[in-house]
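Before any comments, here is the structure.
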């Protein structure tokens, strides 16, 4: 299947609802398609200027290399120079901390990615997972 | 006033409703705050990969130089080298065709910009103006 | 409120007066608006060539991510790869050492940022705070 | 002689006084040293976000190639591809329209450059010349 805009908006709404329930700080939520291109974005009031860029970097790094941004963090802990090089090689948008998750459909096919920034990285990731599950899809965090 | 997310979403919804009524091709709608930073984005199904970047460039060029992207087109027609130079100077994101409009509040203060891509430039602009007016704000096209 | 040029100049003058009283080395002082755009700059005689870029990077990193550059340093100490990635994601201008402070108005709203370079980072920050307070505003360092 | 900060500030003040007398729109004034590095900047209230970048590009292009930005415009009219290539080659900051002037001392030595943006290019240049002359120095426009 293809990740369409209605589903992307459901993911955004689900992530924001999770954050509101949990009392998170203002989040910025970005949903990308399987090609790594922007489908939907919402930046909540109080988010700082460049939260789109950070959230995009989490999701873009994830979908570019085929793993959640938590796995990219693990690689950064082991080989910071690899992540630095990969970031440069793919054009600059790769943020290797949790909060960027892959989106799989029921068949296990990769159909997109979600990136969130604004809270702790763990909470950013929890909101991303909640959003993906609100849409009945599967999130891959690591 | 500050352009908040709810208002940005109203602008997006208003632009998309205008496009649906008019039978436009799929649009990508981007709303920026007064500083030129992303607030909300929706890319309709069927939009090509980089429509976010094109729509962002219209809005970002407009809010960076303080005029709608129709005025930037007029300048490009007269002095293509100026627009090329300005694009480089401001970091690469400036698309000088209609579809990037400034958003003013009731007092005439600049509070953001909207960029749309997907249809003819004139129709992109019409949808942007409709979206801004749906939110009770004023659009500056040129 | 919006940070206007007269206030920005007051901040610059206050920071420079603090530095002169304290016998600091030549400073470069940069004031940005809430969107991260340059309002006022002064580079004192004897400052090296690229002090504007360093001071700008402190202020721009701060206002982009919504925290003083001292907090960015703490993050860099813990996760250097995150700060490297964020720097790339936001376009290259983020210098994570003290001397970049947020400027809040009396209501607590973020209205800009100040970046200073030339002395020790701690002294750069002290001058920035002094400048902000000269203008009757509040500085956020971390 | 070297262009010091006090002289740079005199140039800024002279340019702004000229603009105020003439009823110009809000200007952004940038003064660079002989190496092309920022000495002083003031962006007047009402200037759009990226006026620093445009004004810097005028002055930086001028001092980089050793001619006022009016001469760069003449070259752009004849060989747009040369100016496009030169802009890229020098790092992106070259805006080839009037408003970027070289600053010479009494001996004819180049000591800096001034760039202004906000009004018509001719008026930007007039303000730059007025500022330079306020400081008792010579402006080269073409």
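Each chain carries a letter (A, B, C and D) given by its place in the written order, and its residues are counted from 1.
As a convention for this text, contacts are C-beta pairs under 8 Å (C-beta built on N, C-alpha and C of every residue); 3 or more make two chains touch, one makes a residue touch a chain.
All values derive from a computational prediction rather than experimental measurement.
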Quickly list, by label, the chains bordering both chain A and chain B. C
Enter the angle, 0 to 180° in steps of 5, of the rotation superposing CA atoms of chain A on those of chain C. 85
Whole-Å gap between the CA centroids of chain B and chain D: 30
Whole-angstrom distance, CA centroid of chain A to CA centroid of chain D, is 43
Specify, in ascending order, the residues of chain A that touch 2 or more different other chains. 49-50
Line, ring, star, complete or other: which describes how these chains touch one another? other
Contact residues on chain C for chain B in the complex? 33-37, 91
Touching chain A in the complex, chain C uses residues 34-36, 63-67, 79-82, 84-86, 88-91, 110
Chain C-touching residues of chain D, taken from the complex the two chains share: 2, 4-5, 9, 35, 37-45, 49-50, 52
What part of chain A is in contact with chain C in the complex they form? 47-51, 53-54, 56-57, 61, 73, 76-77, 80, 83-84, 87-88, 92-97
